[in-house]
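Take a look at the structures below.
Both complexes below contain chain A, partnered by chain B and then by chain C.
After this line comes the complex of A and B, so read on.
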């Protein structure tokens, strides 16, 4: 019987496994790929670790720090492992895993899900037209170029001005793809400003804002796309359609937490984050099941995602030691006006500690006031210099602030 | 009135100047109209005249872009001289119909070949079908559709055992709601309207089914409906349950037929397009293709959307295909428990351009909404626009209002090969006595397919084909084993024998490396061919995780570079170019 099984060997899973092992528990980590590191292995650009290590590392370098930690600790590492099913049994969980080495039953007292997210595809954003070869997600292209040394095409259109799209654009440009076009529906790139500057503007890569792909053209292989301008609400403006030839389309149109597995176990899912609802220790609504990293919500920085893993270690510890410090009723944290998401969504314990709350604004604003409100009373205010929907914000809530509250609404004034 | 008079009468009322000829009950139309819609409309009206056996619609319309018939001369120049062999029967078309006939013929001592222009079987209308095995309640009496549908449906159970392909007799519910006869509502006071929908209409529907020869039809009311299907809209008035309706995966089924026919001696020529025929004394002697020449005793025209082109090539045009597009929305498997029956809301009169369609379960657990029905000019128009997606979402949400309609994972479209007489055309060609048309097979084509094959063989017998049973025929075929369907013990055993059973490549559908390798060993050469055989890539993430992993396995197994792996056709290679400094 394991104390903890961590599912997912990306940065958050690795960090959670080593932190929990440090506390003296028996930990096993399961990874579906044949190496640890998760998505970071295909992110060979730098910029990782600026928050945690004050250094700018490449993806694999950043991952390596955590892989080393896991290897130094007593964590049992299982690669090429697919979790076929998880059953809740009396006092424990039973996992059935499939690997090339065999099929195994693993019993564990608790589970930490760190299975991250997947990329949204063309169907989820309802791109019309045909379904030919040549339409890829940005992650697939990253993997293709970085791990296989193959290019997706010579004349791609990149859809989406987020960080992954920006980085892929630069990378393709540097690898000799000089006919590139990036389109995105916002007014300005939604990725980090530094990425917009360093990836697109510095190289004069052509881009069009307020533009999206309406249709894909070509029966067998993609021949082009029909671009269309969009308004503030991202609605297509009729009459602005324009055909643009291309030999591939690369989609960087958002990420979605892989929440299906936790949902099957009975965990409540947040409609906004699309990840499981968690408490301040990243416990889901199912006792003994925890969730960290991009599965909880999509983080802008891997550094922030990893922070959740440090916190979960304390939560797992509490659970395994059977420490009962829970409130009779948990405090609900609810996104209010001009806020899209809030995590964690619940405060379960009342022993009091500072809680870091992440929120994603639904508005672009300078000098924004962020208010915590309970029973129509403002209980705390924070000032943010500049907020926008594409940047995840955090606030630290001091000890004891939530005492006696039932529901706290967070909104932007 | 005889046919010419009826046609003349109809055309004299038309605002266009259309000329016509009637020969052996086939109506040939010529002239010019303003719109494509008018072209379809006139064809359909002529086709509905009693006694008309086919409509060849050569009317031009303004703005016509494609012409299937113009380049027939150019086509014949591409044919290759290489001799591919001599066959008693050559089947043209590798859809569910061609493959069903191929397998049926493989039961006899005959040399049979099947020619398909695409790189795999089932790539025409077969693959974009929702897989409903209709019960046979819809076709009207005296149609070939009615006869073959009911017989075909009954054959599915046993065949599915032999071919090892899942078939589920899930049943269907025809739902009667306040919207069923909305158009007539104003003629009936509220109480009578409801009474009619509750007590009279379901009885009519049931009666129609029974007249067609269906058994076990039940009328459900009130709670009974919700017990059968809990998510149905509250205001449903009554429902008619038909137990014999089934579901099947149309391309898995076709691939199984193909594999079994091949095993029993049928030669398949894929990537071979028919470019012309050599005829002597009115009979086809040779079939020219871009892969070579096949000598033949008899030919079968099962070319689906292009069956009218094949007929023209053979010099025996008797019908025109008017392509009718259908769009489908496919939903996440996690919604499997929400739908158990094939569901459709009865509408009287049916929608003029987009009748039918509904909500169906699939054998794999996805729920499917659709199809629409739209007359389109191009036979290859399978694009789907945002408006069409919304149209489906809106139309069917009235049946299942609580269903999370935005959780679809894919949309696609197929084009039906409809004729103007709107019935199947299965008969010896009028002018070429050794050619059998098995054409204009649209809905309920899947349900009818096994019976169409049987019927085709009967007709071949009448046409002089000597049928002797082949005692060595083996109808058993095994599908590729699936990790997702294995018990724990079975899986344990398999992984011990061969570790690649334990390497899960597609995590949404739980497809292992061993399954992908087996598909390639069975002849899959492209990503989509692997996908159809293993379901890898068909899950929620739609290939975004496994595309490269599968491409890598194909590249390894076929010994080709990764950037030569194709999605489906030679022209649909995935990737282009290599990173600076890397060797290809």
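After this line comes the complex of A and C, so read on.
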């Protein structure tokens, strides 16, 4: 019987495993790939680690710091191991895993899910037309280009101005595609401003804002796309259609927490983040099941995702030692005006520690005032120099502030 | 005489908007950490970028090895660097941080491996 099984060997899973092992528990980490590191192994650009290490590392370099830590600890590492199902049994969880050697059962007292997110596809954003070869998601292209040296095409159109798309645009440009066009429905790129700057603007890569793809054209292979302008509600403007020839389409249209597995176990899912609802220790609504990293919500910086792994270690410790400090009723944290998401969504413990809250603004604003409100009374205010939807924000709530509260709304004034 | 310029710091994902006052010396405002001061000064005189790319590798789990310039290189050298990397081929095993190309495109900056790449059939 293990104390903890961590599912997922990306940065958050690695950090969670090594931190929990430091507390003296028997930890196993399961990874379906044949090496650790997760998505970071294909993120070869730099900019990772500026918060945690005050250095600008590449993805593989950042991952390696955590891989080393896990290897130095006594964490049991299982590669090429896919978790088929998890069953809640009397006092423990039973995992059914599939490996090249066969099917195995693993028992554990608790589980930390660190299985990250997936990319949205063309059908989720309702791109019409035929279904020819040549339609990729940006993450797939990143993997093809950076690990296999394969270009998706000679003249791709990138749909969506998200971070992965921006970074892939630069790789494709530098690796020598003939032509490249990025289109996105917003007024400005939805990815981080730094990526817009260093990936698109630095190289004068052509882009069109307020534009989307109406349909994909081509029988077996893509021949082109029909572009259309959109208004500020992203509604297509009739009469603005235009055919654009291309040999591939790359979708960078957002990431979604891969939460089906925890939902099957009975965990409550947040409609806004699309990840499981978690408490301040990243425990889900199922006792003994925890969730960290991009599974909780999409983080902009891996540094922040990893922070959740440090916090979960204390939560797992409390659970395994059977420490009961929970409130009679948890305090709910709710996104209010001009806020899209808030995590954690609930405060379960009563012991009074400082809590880090992440929120995603729904507005771009300078000198923004962020208010915590309970029963129509402002209980705390924060000032933020500059907020925008592309950047996840963080506030620290001092201990004791939530005492006696039932529901706290966070909004931007 | 001095003049003002606004640039967006790309040293970390925060993306601070820096206000530069460029005269005999460069005064940087709007940064949230010291990386911003460094970046603002550099951006005012000779903009630099870290260049990530890949080179061919044989005998490893992947046919490409991720590499990057060890530090920033002048922006106008980026394409020359990528061209030079196109002709490079290395053999596994490679250690993280190993120098793959010395003094790339005469920038006096080295290209280094971003990760270990062990031998794998």
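Miscellaneous remarks
In this section, the second predicted complex is superposed on the first by the 412 of 413 C-alpha atoms of A that agree within 3 Å, B and C clash if a C-alpha of one lies under 4 Å from a C-alpha of the other, contacts with A are read in each partner's own complex, and residues count from 1 in each chain.
Everything that follows uses one rule, which is that a residue touches a chain if its C-beta (ideal position, glycine included) is under 8 Å from a C-beta of that chain, and two chains touch if they have at least 3 such contacts.
From a predicted model like this one, the values you see are computed outputs, not experimental measurements.
Once chain A of one complex is fitted onto chain A of the other, the partner contacts of A:391 are limited to chain C, with no touch recorded for chain B. Once the two complexes are laid over each other on the shared chain, residue contacts for A:317 go to neither chain B nor chain C.
Shared-chain residue A:103: touches chain B; no touch with chain C. Once chain A of one complex is fitted onto chain A of the other, the partner contacts of A:41 are limited to chain C, with no touch recorded for chain B.
Chain A is touched at more residues by one of its partners, and among chain B and chain C that partner is B. Of the two partner chains placed around the shared chain by superposition, chain C is the only one that A:301 touches, whereas chain B remains out of contact.
After overlaying the two complexes on the shared chain, residue contacts for A:32 are found with chain B alone; chain C is out of touch.
Of the two partner chains placed around the shared chain by superposition, chain C is the only one that A:197 touches, whereas chain B remains out of contact.
When the two complexes are overlaid on their common chain A, residue A:56 makes contact with chain C while staying clear of chain B. In the superposition on chain A, A:137 contacts chain B only, with no contact to chain C.
Within chain A, the residues touching chain B in one complex and chain C in the other are 145, 148-149, 175-176.
Of all the residues in chain A, the ones that touch chain C in their complex are 34-35, 41, 44-47, 50-51, 56, 58-61, 64, 145-149, 174-176, 192-194, 197-198, 202, 300-301, 385-386, 391. Against chain B, in their complex, chain A makes its touches with residues 32, 80, 82, 84, 96, 98-103, 118-119, 121-123, 126, 128-134, 136-137, 139-140, 143-145, 148-154, 175-177, 214-216, 219-221, 247-248, 260, 263-264. On the side of chain B, the complex with chain A involves touching residues 334, 380, 382-386, 388-389, 408-412, 483, 488, 491-492, 495-496, 499-500, 502-504, 507, 510, 512, 540-545, 547-548, 552, 562-563, 566-569, 571-580, 582. The touching residues of chain C, counted against chain A in their complex, run 8-15, 17, 32, 35, 49-50, 52-54, 56, 61-64, 66-68, 75, 78-79, 82, 96, 114-116.
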